Amino acid sequence: MALNRGAWTGMVLASTLLAAPVPVSAQKFITVSSTTSTENSGLFKHILPIFKDKTGTEVRVVAQGTGQALDMGRRGDCDVVFVHNRNAELKMVKEGWFVNRHDVMYNDFVIVGPKSDPARVAGMKDVVAALTKISEAKAPFASRGDRSGTHSAELRLWKAAKIDPARGKGQWYRETGSGMGATLNTAAGMNAYALTDRGTWLSFKNRADLTIVVEGDKRMFNQYGIMLVNPEKHPSVKKDLGMAFVNWVVSADGQKAVADYKIGGEQLFFPNAGK
Amino acid sequence: MNEILLAVTEAGRMIARLDGALSEIVLLSLRVSLTAVILASAIGLPLGAAVGVGRFPGRQALIVALNALMGLPPVVVGLLVYLMLSRAGPLGQFGILFTPSAMVIAQTILIVPIVAALSRQVIEDAWQEYREQLRSLGASQLTSALTLLWDTRISLVTIILAGFGRAAAEVGAVMIVGGNIDGVTRVMTTAIALETSKGDLPLALGLGIILISLVLALNAGAYWVKEAAQRRYG
Amino acid sequence: MLPLVLDSVSFVVNGKALIDRISTEIGEGPRTVILGPNGAGKSVLMRLCHGLLAPTSGSIAWRGAANGRRRQAMVFQRPVMLRRSALANVAYGLKLAGFTPRECGLRAHDVLDAVGLAPVAGRPARVLSGGEQQKLALARAWALGPEVLFLDEPTANLDPGATREVESIIGQIHAGGTKIVMTTHNLGQARRLGDEILFLGQGQLVERAPIGQFFQQPASAEAAAFIKGELPWH
């Protein structure tokens, strides 16, 4: 079979057509930076279509750790930030990076661990006491170690228990430096305890031998906030579209959408805007 | 073993029902990597030919640099491109970040050294064979470079495919500059990373099998073309 | 262009003089055969005359046009063909020489006819036999209409049948008015094809004479020994 100039030209043309640059749509959109745990919970897949139907605006979510998400807002690479680290959020609002911050919802953290429960904490209601037992038993504990909202919450709880987990680094305290899912994978793989948000846990499919061992302590409640990147710092921010999203999320309509999101019949997030 | 069997079944199911989300992801992966490899070839092939045929001071250093850059870590390229395209960076005003264009840029940067370094080797080897005859016929260095590019086209196709394989397989660069946005910048590799992080390993593996199959099919096709051309043209 | 005047030409590599102070003149008319044992410097001298190498000292000059390159051509011991048809190979040289596309086609067809390669004009050149490729190389050179044709051991790799055909073509080219300058280490071929002999030994021009005189009454001991078939040991 001859492969003349024509055949070569044909191949090049075909691959060029296939590689045609993705058309720039006229679709109006905003970029929201959020966390991997929020994205993995599936909340966005539920509420964003509702917002798009109502306003015609597409919401593009870039999911990273909380630290990265906030940093992205500071750099002006997104329009809205939607994370769960109230202290850090308020600090950055004070510094002028964000405006119009609102509480949105909360979910809770739980401690998961192996069914064999080497530290004997299953069923406890006091998270600080449970963590104390885990550290005394030197039972394996997988931490995110990635500056995320979950990681900060975990560190706050260790502090409340007056324990420095870094002492056990490399032995029973294992920092994965990754997202919630990856950390749970690691915990499942080494039969370790871990602190996780309920949302990620409910949709996590690789549980192996893990189950919820501690839940319900008020100190494990995780507050979510939404805010607009300050247009004075970054004039390129889509101020109107961004505020439309912020306002919708805290409106009765948006709050209902949040409450309606369930996994296996269970509600994940509890709206508390303006409360 | 069970996981792998689950993955194969999952992959089969997804392909059989021509899953919409899957098609979108696969098409985007192909478009991004193909565009990148075409751009990288447009830059890398002439560069490789120029260095292969030309003789100038610093040539050896350039060859060493090109060979070394073949091993550029994708995640580093992603980070550098991110910093360039970020609003806080020099090219921020174009708003390219978190679009497929940014992914194409990052992958192009990744593949250019591969295409340039490998084509340089191929063309320099051919130059050894052709040099005296081409000079005798009066070909300039530029004409010689172009003639060699056409004459070594069969080997060059292999090189271009190697570049495509590298692009299609990487996740570090496209994750950072694309943001893995659902429906916009989610490609096969970032989807696999996402499903893995969600603990849905069968789905992640299934996607992985599809990705490998695609690259395999492409390579098989190119190998067949190469063999046919070799027999035909000698 | 002719004559080509060499004035004390030397070519030194790593301290060794491959060509050692050769002064002579190559003029119009007779077929010049450069003879000598292996290592005498025949190929190097050819390349110096053709312009592929520059002398380290001394001068080589065409007493005529300032740049005579286009109207001379060279055929090497091993033919180098591009990955395209036989016809396209001939046309390539013509295009470089500045002929119009129409002229390229006409001249290429004519010359392929003349050398008996018309039936394979459309075949990829690299799948042709060794003999056919060498005839093609001759055709490519002949098509340019050169004033001088250099040939470096053109039949060293060919069987007797192909050798005969090549020698016949060389005869035709000469009959058309082209000056022939050829190297060979084959005495029989020198006798068949030469009008005058330049005998080289260890980079020096040992003897120069018309063919009859050279073979019957060699003036130097080296030439005499070479003709007798003895190898000069040093």
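Letters A, B and C name the chains as they come in the text, with residue numbers starting at 1 for each one.
The working rule: a contact is a pair of C-beta atoms (placed from the backbone, for glycine too) under 8 Å apart; a residue touches a chain by one contact, two chains touch by 3 or more.
Keep in mind that this is a model prediction, so the values were computed, not measured.
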From chain C, the most remote chain by mean C-alpha position: A
Most central chain, Cα average position: B
Distance from chain C to chain B - Cα centre to Cα centre, in angstrom: 47
Interchain centroid distance [CA atoms averaged], chain A/chain B, Å: 32
Chain centre separation (chain A, chain C; CA means) in Å: 78
Of all residues in chain A, the ones touching two or more other chains: none
Touching two or more other chains - residues of chain C: none
Multi-chain contact sites of chain B, meaning residues that touch two or more partners: 153, 232-233
Of chain B, residues touching chain A in the complex: 28, 30-31, 34-35, 37-38, 86-88, 92-93, 95, 97-101, 104, 153, 179-182, 184, 194, 196-201, 225, 228-229, 232-233
Complex contacts: residues of chain B adjacent to chain C: 129-130, 132-133, 135-139, 143, 147, 150-151, 153-154, 232-234
Residue ranges of chain A in contact with chain B within the complex: 1-3, 8, 15-16, 18-22, 31, 36, 40, 44-45, 60-63, 75-77, 178-182, 184-185, 188, 203-207, 234, 236
Residues of chain C that touch chain B when the two form their complex: 47, 50, 52, 69-70, 73-74, 76, 80, 82-84, 92-93, 96-97, 124-127, 140
